[in-house]
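Chain nomenclature is as follows: A, B, C and D, assigned in order of appearance, with residue numbering initiated at 1 for each chain independently.
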Amino acid sequence: MKLQNQQILDVNKKILEEHNDNFEFLANKLTKNGYDVNAILSKLSEFQVAIPSWALGAGGTRFGRFGFYGEPTTLEQKIEDVGILHALTQTAGAVSLHIPWDVPQDYNAVSELASSLDIKFDAVNSNTFQDQKDAKESYKYGSLSNTSQAVREQAIQHNIDVIKIGEKLGSKALTVWLADGSSFPGQNNFQTAFQNTQDSLKTIYKDIPEDWKMLIEYKPYEPNFYSTVIQDWGASLMLANECGDKAYTLVDLGHHLPNSNIEQIVSILSLKGKLGGFHFNDSKYGDDDLTVGSIKPYALFLIFNELVYGMANNPQNPDLAWMIDASHNIKDPLEDLIQSLEAIQEAFARALLVDQAALKAAQLDNDVVKCQEILQGAYRTDVRPLIEKARLNRGGAISPIKAYRELDVRNYLIKERGRNTVATGL
Amino acid sequence: MKLQNQQILDVNKKILEEHNDNFEFLANKLTKNGYDVNAILSKLSEFQVAIPSWALGAGGTRFGRFGFYGEPTTLEQKIEDVGILHALTQTAGAVSLHIPWDVPQDYNAVSELASSLDIKFDAVNSNTFQDQKDAKESYKYGSLSNTSQAVREQAIQHNIDVIKIGEKLGSKALTVWLADGSSFPGQNNFQTAFQNTQDSLKTIYKDIPEDWKMLIEYKPYEPNFYSTVIQDWGASLMLANECGDKAYTLVDLGHHLPNSNIEQIVSILSLKGKLGGFHFNDSKYGDDDLTVGSIKPYALFLIFNELVYGMANNPQNPDLAWMIDASHNIKDPLEDLIQSLEAIQEAFARALLVDQAALKAAQLDNDVVKCQEILQGAYRTDVRPLIEKARLNRGGAISPIKAYRELDVRNYLIKERGRNTVATGL
Amino acid sequence: MKLQNQQILDVNKKILEEHNDNFEFLANKLTKNGYDVNAILSKLSEFQVAIPSWALGAGGTRFGRFGFYGEPTTLEQKIEDVGILHALTQTAGAVSLHIPWDVPQDYNAVSELASSLDIKFDAVNSNTFQDQKDAKESYKYGSLSNTSQAVREQAIQHNIDVIKIGEKLGSKALTVWLADGSSFPGQNNFQTAFQNTQDSLKTIYKDIPEDWKMLIEYKPYEPNFYSTVIQDWGASLMLANECGDKAYTLVDLGHHLPNSNIEQIVSILSLKGKLGGFHFNDSKYGDDDLTVGSIKPYALFLIFNELVYGMANNPQNPDLAWMIDASHNIKDPLEDLIQSLEAIQEAFARALLVDQAALKAAQLDNDVVKCQEILQGAYRTDVRPLIEKARLNRGGAISPIKAYRELDVRNYLIKERGRNTVATGL
Amino acid sequence: MKLQNQQILDVNKKILEEHNDNFEFLANKLTKNGYDVNAILSKLSEFQVAIPSWALGAGGTRFGRFGFYGEPTTLEQKIEDVGILHALTQTAGAVSLHIPWDVPQDYNAVSELASSLDIKFDAVNSNTFQDQKDAKESYKYGSLSNTSQAVREQAIQHNIDVIKIGEKLGSKALTVWLADGSSFPGQNNFQTAFQNTQDSLKTIYKDIPEDWKMLIEYKPYEPNFYSTVIQDWGASLMLANECGDKAYTLVDLGHHLPNSNIEQIVSILSLKGKLGGFHFNDSKYGDDDLTVGSIKPYALFLIFNELVYGMANNPQNPDLAWMIDASHNIKDPLEDLIQSLEAIQEAFARALLVDQAALKAAQLDNDVVKCQEILQGAYRTDVRPLIEKARLNRGGAISPIKAYRELDVRNYLIKERGRNTVATGL
């Protein structure tokens, strides 16, 4: 299924007038206060977030999985789903593949399909946290950190294979999320595990193409429940520094201990030129994989405030790889992703409204009250008209959720694909 | 110092036009969408939050305290400070006293002063977590839970004394926050400590006047670092049930373990008719005493959503005692409180915009996406014009912070009181 | 496979002398200090912990599952596994079934098998957190709390069916763990969900036989990630009180927010006569399902200290239902359970060494240092000889892990059952 | 007051026989199992932990402070207190001073006193988290990170002054614990604060003598409640690397987010040759300052296991600075410290019993069950006879707590110093 521009225009018509009123009022107010509304709109329009292939089907918990109807079963269908999201939101212009779940069979066909939908291939993701059928070695006790050289070599080769797949599709980054660790004290030697990981990553790094990045993710726990080899940004940064200039730390919102100040981590990595990418999701308790902005929208805004600051002030960093990394099983996955995309745009728009010069002045005055007024003033602004306008300017939907429902997308997908499909890798 | 109505009107003038534009636009939009704007305004106007006497001076941490100039040193000055807050915000029409820090010397004078400033006396707070000079018994090892009968009796008598002081001032509730607990395993017997506490509270309860409430606060830790006798809402509710119909649980936002779902606690207590009061503050790590809404404004909104629901649907509860309980040492305490009051009003206004009928319908449909759209639709609305209008309608300031600064209040207070004053109890 | 007494005796022989030396030395020391060693041994011998049927195969995480060879595939094989555990440890004399994973086909045969291995049927567990094939209604949006009456009725009926199965096997308790809740703010109405749950439980309660208990478990999160209907002991107790005298709260070690003082919860429930059972496991981050005592053995000891106190001082409670509830995928499940059983016995033995009279006296003196000396004195004692002796006295293995390995149990099971078996329900 | 050797011998006599029995039994057992008991004893004897000067008086919480009688009021009295601890435990042979609370007036006298008690001067600690009377600049908004150059310079100069004081006393390290951070979002610019801190530390570093270390502590929160400049080991390590070879990270047990795997941090810092020191305490909720080993003794053992491993395998690290950093107000401070010292020795002794070769072999086999058996086998051993013997060998008390009480030390101190003394800095 592919959404046609006209379909979206037709839906927009019904709420266009209301949108125009709201936008005009807000734009006037912002202009009066010295903001360059067009500059903001153009930043919003340019901002593109990758959709991971595994978020298009319903996820699950270890207690069970409740599927959704009409899930994509092939890589092509997954890309079509991203096409739908992008047509509606105009901010989902990339897909992030997970290997071996998404190995293309016909590279040309897949590339052309993506291109026809204005979708790029963002970072490719390797998987050494599950055993694949017919794999010679098992990752039960680790992959890149394993004490067995044979296991490490298999995991290294897998990463190199992933790079090659990515190259054929135009990806420019490899994301390594390493689940390795231990579930019981004594199970592994922390130093050996770290050294092995470092050696493995350096070997993979040799195959990173010149114009690529290697993104090293970190996570404090799960699936291992006592220790994780790359447990925090400090460990990731250490490894990135050992690998070289093309290696960076990737921050995933859900991968932190309770109460971590994530915006500070983002800021310091940005200062050091080692922030390579950011994965969005939300959570209350752990790595809960909930819709972006559904639990802690103010924290998301504070993070975006640092990202905006970093993009303006830290040219030492590469363009960031943005991706949603959330997959739950209670909502229609496409609606879930639309809500995530809107929450991201909203946080970005609010962060763009922060008066950086005034903030800096208040900070120099130690006027803590005013600092808060400035941040909250931006945050309290209802930026929905800006986001709508940014989408409209590119041919997207004023309200993507409404359009998705009015256009009855899920039912079309069910008709095309059947009801009880299951996405690969789930 | 007492702010005159005209002073506030003069400051308002400069931003009145802008306010009118914003309000008119929002009111029209809301009206078009079926909201009764006047009803919302009148709920906002009626909403009054008590200011605790100890929040008017700078607080501190165990590592030190950085004072603020011109702090109030007498009860009268504290009430004057609340008067200033109320004149500006029109939502701080009550003060909550802490005994023995605030024992009046001349009850009539104090009552008249408060009355002249439109300030009521909300719940009175006892203190058995510190030793008072010349006290016969020490609370080092507990008060109402102490194994020594003499200590328990002293603590009980203190609470009864506090009730009597409250009666003279027109208070209608006693708040008991019990710091008792232990810092080391084995230090006390959990069952004995609980039983002693129950007996002590029941004794105090006998002296609770007919038209009063006894509010039992809970807290998981601090100042005790291993166990606290009344550690959570379950323990508080048990004790309230044992005491009787006039005893209720009091929820303090900062008194929960990391990640607690506080809105659910509020909702269930409300369902059971045992929610008696609510203390506002904000925090990232523990009981951090930060400005309301400065860290997790969406959580505050979700709590208000339950409070609004409870007020509409749970007549079994009494009128709630609302109070700010936050005192840090980086901001001017009065500006800090103004920011807290605004955050509370904002959360309340947004909660009033939740379309309860639509939400219920979506819940019955298990339309999780729509449920979220409804809540976030209300939350994303910029409600500042509503709050401004509600204040204006009562003669308050459109922007209390701006007015406070333009009227140079702190400097007047310093002139009146001197620079290096220290509030009692700090 | 069934272990013969003689096999265990043969293995014991090799380390019997060493055991005797150690036991004699410890027993003398304890006797000299006033302990009744035989009384302690007999309490240890009598202590029996149920093995849940689902812990006999390897568990997994949402990221994947790594199986173990020779897992039991039928209920009979599961009971045989428990028989092996019991033969070795003499403390695993019960099995706890999970319905519908373990519905017996031939009740007599199953009963006789269990009886021949000295295994009782402990609490039966219902499952309304997963959809069963061919089920008419789905639990995707809840079971006992669902807004749909049809769903609630199906879930209620399932619980009643479970009771009936349990009755045929001689169980005396139903454990209800309710996963119901929500993953997004607004998804459900807390009050409606709680009321529905209460009504459903009361309906089930009517079918609880006179000599049975209904055990209501609580858990703060997972599989739902925003709210859980029965989120803590306070909610569970409320529901148990509404149901009646045969309803109790069940405490699972892993089901608490970070830093919860679980021993205090146990103690207060015990005081109120509402502690019905206890599930053992260990964890560092959440509900990690790790081997008992592998992460926080001192916390386990402190809990046992309260359990021992409660068993001696709170006759208002029923006999507790003890069960291990842990299933990870890195260890041989039977070895994992043996380590859990030893950790439980160790904590129990140490708790039995706490000098309660001296502790009480030190508490009355507020001698906090001495209170700690008493607890830690008991904890620091190497109680392994006591546990070994208690096992020996009943014909068990001095070292169950050593015996399991020397007798090559896993290989026998693989030979009998085949390698790549998968336990039902996993 | 100074304890005489003979006093301790006299107290020891009464329990010497019992000790000898226990030691002999354990030593035989260990020897039989291949341990070199004398080597273990000599490691235990050599192990010395510094006592911080501020732990000798009762600490407090922000809710109040309950003093203890006979607290030391002068630096000399503090050193005498350490002398008492060292005489009894023979493991407290150093004191760590806090400037400006402990500036000596007569360096020679202080040095001689310490020397006569066999006490060395360990790391000196600077204080820029409180304002000193008559200080020109205030640290209210930070010290080394402050946006004001004048404030930074004052804080830098203070650290340099502290080094000079330390040099006169024979200290060989400066510990910098930086409380700087912010309590509200927006209050400071993370990047500016980090850069200023880095520059300030590099300036101080220039004055670090050749044979000294600079130890950089980290802490996630408190006294700042939104962000801390040096919030975790990653930030500390970054700064240490920028400063140079003599700069190291210092780990304080209480300065971590909930559930942090501290042993892994210790291990990786050790691997990288950047672990400079370790501060002991214990806690359940935050930085609770409780007696070492009173809450999580197994975690302490796991940390010691890494420290022992590091000392044996990572020669790239300096000798570690060990210090207790805990001060609560419920126990006699000296008894509290004795319990801490015993817990440290116990954890160290148990870690020395870990069979590193067997552990390595089990790790290579991925025999997770055996890895756990090895660690827990060491941990379950009752090592008290070893610690007693190590103390005895140096003339210390078999049971320091018993000796302290029998010798009635506190009452002697009260007689000497008076009852209601207050230690400087409290």
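FYI, contacts are C-beta pairs under 8 Å (C-beta built on N, C-alpha and C of every residue); 3 or more make two chains touch, one makes a residue touch a chain.
By chain, with names taken from UniProt: A, B, C, D = L-rhamnose isomerase / sugar isomerase.
Note that the coordinates shown come from a computational prediction; the quantities given were computed from them, not determined experimentally.
**Q** Which chains are in contact with both chain B and chain C?
**A** Expected: A, D.
**Q** How far, in degrees, do you have to turn chain C to put its CA atoms on top of chain D, rounded to the nearest 5?
**A** Answer in degrees: 180, to the nearest 5.
**Q** Going by the touch criterion at the top, tell me which pair is linked by more C-beta contacts: A-D or A-B.
**A** Between the two chain pairs, A-D has more contacting C-beta pairs.
**Q** What is the distance in Å between the mean C-alpha positions of chain A and chain B?
**A** 39
**Q** Can you compute the centre-to-centre distance for chain A and chain D, using the mean CA position of each chain? Integer Å is fine.
**A** 43
**Q** If a residue has to touch 2 or more other chains to count, which residues of chain C qualify?
**A** 140-141, 183-185, 187, 220-221, 226, 258-259, 261, 284-285, 291, 294-295, 330-331, 368, 372, in rising order.
**Q** Along chain D, where are the residues that touch chain A in the complex?
**A** 140-141, 147, 182-192, 194-195, 220-221, 226-227, 231-235, 237-238, 257-261, 263-264, 267-268, 270-272, 302, 305-306, 309, 313-314, 359-360, 362-364, 366, 368, 371-372, 374-375
**Q** State the interface residues of chain C toward chain A in the complex, per the touch definition above.
**A** For this pair, the touching residues of chain C are 59-64, 66, 129-131, 138, 140-141, 179, 183-185, 187, 220-223, 225-226, 258, 283-286, 288-291, 294-295, 328-331.
**Q** Using the touch definition up top, name the residues of chain C that touch chain D in the complex.
**A** Against chain D, the touching part of chain C is residues 22, 25, 29, 258-259, 261, 284-285, 291, 293-299, 330-332, 335-336, 339, 346, 368-369, 372-373, 376, 379-382, 384, 401.
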